[in-house]
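Here chain A shows up in two complexes: once beside chain B, once beside chain C.
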Partner chain A sequence: MTGLVKGKKVDWGGFFLYLFLTLFGLLMLAPLVYMVSTAFKPISELFLFPPRFFVMNPTFLNFRDLLLITGTTSVPFSRFIFNSLLISSCIVGFGIIVSAMAAYPLAKHNMPFRSAIFNMVVLAIMFSPLVVQIPQYLLISKIGLINTYWAMILPYLAAPVGMFLMTQFLRQIPDALLEAARIDGASEWKVFWVVVIPMLKPAIATFALFSFISAWNDPYPAMVYTTDQDMKSLPLAIQTLSGGYGVVARVGTLAAASLLMIVPTIIVFIVTQRLVLQTMAHSGLKE
Partner chain B sequence: MGKKFRLSMRSRHILEGYSFISIWIAGFLMFMLVPLSMSLYYSLNNLEVSKDGLKAVYTGLTHYRAAFTTDIDFVPRLQSTLTTMLTQVPLILIFAMLSALLLNRNFRGRILFRGIFFLPVIIASGAILRELLEQGATKLPIFAQYDLFEKLNGLIPGDFLENLLIYADSLTLVMWDSGVQILIFIAGLQTISPALYEAARCDGATKWESFWKITFPMIMPMVFVNTLFSIVNSFTKTDNKIMDYINNTAFRANDYAYGSALGWIYFIVISIVLAIVFFIFRRSLSATEGRG
Partner chain C sequence: MITKTDPAAATAIPAERLRNPSKLSLLWQEVKRHKVSYLFLAPFLILFTLFTIVPVVTSVVLSFTYYNILEAPKFIGLSNYRLLFVDDDIFLKAIGITLKFAFITGPVGYAMAFILAWLISQIPQKYRFFYTLCYYTPSITSATAMSVVWLYLFAGDRKGLLNYFAAKLGIIDEPYLFLQNINSIVPVIIIVSLWMSMGVGFLAFLAGLQNVPKDLYEAGEIDGIKYRWQQLIYITVPSVKPQLLFGAVLQVVSSLTVFDVSVQLVGLPSPLYAGHTILTHLFDYAFIKFEMGYAAAIAVVLFVMMIGLNRLIFKWLGKD
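Take a look at the complex of A and B:
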């Protein structure tokens, strides 16, 4: 990086650098700001024409409405939060183990059909998920998993993306490291837990972040696989709260709920952020 | 029985490999491959609801033919999806490359800015926010509609400002989609050894020259990965017109057989596009490998 460091003159380059970054950064932050400000808008401001970007008289009414509305249904709101947390953390936790276990031999074992399996994974990433939904549903109902947490967790464990990411990352790790452990008498299982998993940490963090975001935000599994009110997940509950498409009456409440929704993802991002940026920095994307 | 202990090193190695991967394979077969082949089978049949579940009647390629002949919605939507992809992907790539070059430099607050540039990936993937914004208009009405216009009107002439804000809106869309690409580019930039730049500088190369002669060829693999990623991303986004159409056909209209036929056509189109990309990049990629 030393090749890029500027001289000691008036640093116009640095000035423009900050100018550009701040400008783009503001554009990036705009949706978040818009959402926060909508969540605090009183009714009178929500339907102003022309609409306003910033809130004039912030209020907590929307948050109170959220609690009141959800308080009237038979299932307490906390149940949805619990469901979502449980499902998302199971998908992330088990998904990491399954993907890492699959990525290890794909990257480091010289076995037949290896590249065939890998190509299949890449193909699977391209296929639109909608098309497999009905066969998946039929399958789940045949096994009798409807209305269980398993139905919302199992189909998402064998994630092609996670495996792709980890395989690429693992390919960079020198074989000598694994050999050394084997020569010291470690079994494959032990090599996996003691050498591979710690080395994979940045890739795991990245995958954890992505899969948490998608699992947390996805209303479809709860919509398709459950009929019970108390098995619903948070995004679905919020969707029903908004009354489906075209209902405008609860925009403020919806904004408040959405704001609450992104809080966990932001927390996960803050926790994994350093490792994620690291993965990308040394990642196995260099083929 | 005793044979198992006499396995050669190599077959033991293979066996261990397979036992590690088996869980994933089982899940993949059950929840991806089997449903996929089932949908291929359905797309060649007519589904009828009967007492004992769905009944399939073989119809051959009727659905595929219908998509291009009788269906007036499908082809225009496919075209508009392709045009969106063609206009957006280059913009995303250019923007991501520019941001990565800036973010890769040594300056204060670098981590903060990187975080901000990645933030839209977190928020924009939320279905909720999208719904919220959809209620305003079909596109994101952040800049074009709001009071920002009035505030800035004093500074910048109105006609110009309006276009500028509309443009900013579409740019925002592009920027939202480029979080991951930026990270991949940063990753690529960091694998380039500083010694190369130093050598170029000693030989009297300008910054401009060293970008085109060193940086650009060196991150060619990342450009390739990013192109693939952006294309796949823009094709499989849930707010994409075709995806929406397939979803409606399959679930609202309950015409599942036709829906899966559309899905397969779409899949084939995506594969063709990706094949073209592979073909274009093949030469530059092999050139980089020779250099590297």
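Take a look at the complex of A and C:
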């Protein structure tokens, strides 16, 4: 687009554009900055009046407390972190394989029912999986998976949005490469692993970002599918830590736990962002 | 790596037409010939069927029954729906709150995401990442984790940040109970949701806007387009229409499924049910009262609302 300065004249439009973007950006970041600041506040600063936005004497005490306190039961906090990491990585890892395998024939093969299956996936994007949680719960409890990791992984593997993005991305990859591999005598399975997967990299990164965020942040699965304390996930543990809604107790430890929860999602986004924007260019929907 | 394509070409579905649909045996042979394709699809389709298709059907069936998990479901016809729409005042209230919420956060969040994405696409590439991070990060934070900030910001005593500043500026004399006062509960939920609304749709817009072919703008200049807003209306918006539709669909789903933020900030049930949404009602009946049949009817209503609204949006935005 046009640069900031057109000819010799100062571009006031450009100046206000940056001013607005920066001010609004800082406003959006303010709650996060406040959380970081609170996480490092010593007790003496937590309950100051008048309240202070920034921390004066940062300390790691809150993080130490977090790892030492065990809540109402004897489950250490690190167990929740482990649970969340395990569940999220399984959903991301298996999800990528399941979705990539399905996206390949949907984008590149010409079998019967192809568009029917694809339309079904698009239809599934149009409603939230939350509306089918009752039958999902009944199914999980009937096959005896309550209080297992599988209960928190299996229902989330076939993710329509991620699968849709993969298929759309794969469509615009030229067939020539696939054909070349087939002429060399490669089986479809081999074509998939050797040609398709490397080319799908941007879409895989995108899938990883979205499915990691939703798996990591979702308190639902643990709330519904577990009764054991040591099967709880991080978001649920944080809820317990806060002592129920509306209670502002243990603010420092809570902020430390919340920070621990948010940092991984930001890191995953920073790592994947370039590839994600490549993929999202193909996210368009059409009648 | 290929980064640019015509969005139209990327989304066009080469319609699979069966040459002679009446001949089942021919179809069967086609299916058998593509055995490998179906094997690839199998894991996804099995999981998708088991955890999405079957549950949708089951929900509809369950919604006509009385089912409390302990006893077998008992068919009761339309009673659940009659109860929902005639006798359940709290549900009617929840529908009102959900719609009020959706009709504000839906359009406003959507417009905000598009305008910010457009503004970001106006600045040079190297600065874009910083701003993208500013606006996108709130949407990937968990509602649970952020509650520590909101509870403090909106706290009802004079230590609450908002109350403190308002008192200092002399706007109020007494602390205002943002999270307990039934007049302020919905606005607070809306503000927090808007803060988190620059999500997947925002990224789709951003990516779509970066990939509008440059020569379109040059052609526009030749045709007499002088201002940026003209570019926006005549060139940019039509070029990113598929992304706009994708973003709209996601926005409808997310604005109708407000749950986390409400439960975190005002609890379940909220004071006088002022923050009660369709989804909190569903959760209440399904996992607290264990009236699965009734809860399934709520789920069906929500399902129909989402699909219906999205069909409408497809009609508006989907045609070329």
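Operating definition for what follows: the second predicted complex is superposed on the first by the 220 of 287 C-alpha atoms of A that agree within 3 Å, B and C clash if a C-alpha of one lies under 4 Å from a C-alpha of the other, contacts with A are read in each partner's own complex, and residues count from 1 in each chain.
The definition used in the following text is that contacts are C-beta pairs under 8 Å (C-beta built on N, C-alpha and C of every residue); 3 or more make two chains touch, one makes a residue touch a chain.
Nothing here was measured: the structure is a model prediction, and the numbers come from that model.
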- Query: Can A:I262 be said to touch chain B (first), chain C (second), both, or neither?
  - Reply: both
- Between chain B (first) and chain C (second), which does A:M101 come into contact with in this model arrangement: first, second, both, or neither? both
- Message: Taking the superposition on A as described, I'd like to know which of chain B and chain C A:V55 touches: first, second, both or neither.
- Response: neither
- Message: With both complexes overlaid on chain A, does A:I197 touch chain B (first), chain C (second), both or neither?
- Response: neither
- Would you check which partner chain A:V161 touches, where first means chain B only, second means chain C only, and both and neither mean what they say? second
- Message: One more residue to check, A:A186. First (chain B), second (chain C), both or neither?
- Response: neither
- Which parts of chain A are in contact with chain B and also with chain C? 1, 3, 17-18, 20-21, 24-25, 28-29, 31-32, 34-35, 38, 50-51, 53, 98-99, 101-102, 104-106, 109-112, 117, 120-121, 124-136, 138-139, 154-155, 157-158, 160, 163, 188, 192, 213, 217, 219, 235, 238-239, 242, 248, 251, 254-255, 257-258, 261-262, 265-266, 269, 273, 276-277, 279-283, 285-287
- Quick one: which bits of chain C touch chain A in the complex? Just the residue numbers, please. 1-5, 7-13, 15-16, 18, 27, 30-31, 33-34, 36-38, 40-41, 43-45, 47-48, 50-56, 58-59, 62, 69, 116, 119-124, 129-138, 140-153, 155, 158-161, 164, 179, 195, 200, 203-204, 206-208, 210-211, 217, 228, 240-243, 245-246, 249-250, 252-254, 256-257, 259-260, 263-268, 279, 282, 286-287, 292, 295-296, 299-300, 302-303, 306-307, 310, 314, 318-320
- Query: Along chain A, where are the residues that touch chain B in the complex?
  - Reply: 1-5, 14, 17-18, 20-21, 24-25, 27-32, 34-35, 38, 50-54, 98-99, 101-102, 104-106, 109-112, 117, 120-121, 124-136, 138-139, 154-155, 157-158, 160, 163, 188, 192, 213-214, 217-219, 235, 238-239, 242, 248, 251, 254-255, 257-258, 261-262, 265-266, 269, 273, 276-277, 279-283, 285-287
- Could you please specify the touching residues of chain B with respect to chain A in the complex? 13-14, 16-18, 20-21, 23-28, 30-36, 38-39, 42, 54, 99, 102-107, 111, 113-129, 131-133, 135-136, 140-143, 145-149, 168, 171-172, 175-176, 183-184, 186-188, 190-191, 194, 197-198, 201, 221-222, 225, 232, 235-236, 243, 246-247, 250-251, 256, 259-260, 263-264, 266-267, 270-271, 274
- Message: Which stretch or stretches of chain A touch chain C in the complex?
- Response: 1, 3, 13, 17-18, 20-21, 24-26, 28-29, 31-32, 34-35, 38, 47, 49-51, 53, 97-99, 101-102, 104-106, 109-115, 117-118, 120-121, 123-139, 154-155, 157-158, 160-161, 163, 168, 171-173, 188-189, 192, 201-202, 210, 213, 216-217, 219, 223-224, 235-236, 238-239, 242, 244-246, 248, 251, 254-255, 257-259, 261-262, 265-266, 269-270, 273, 276-287
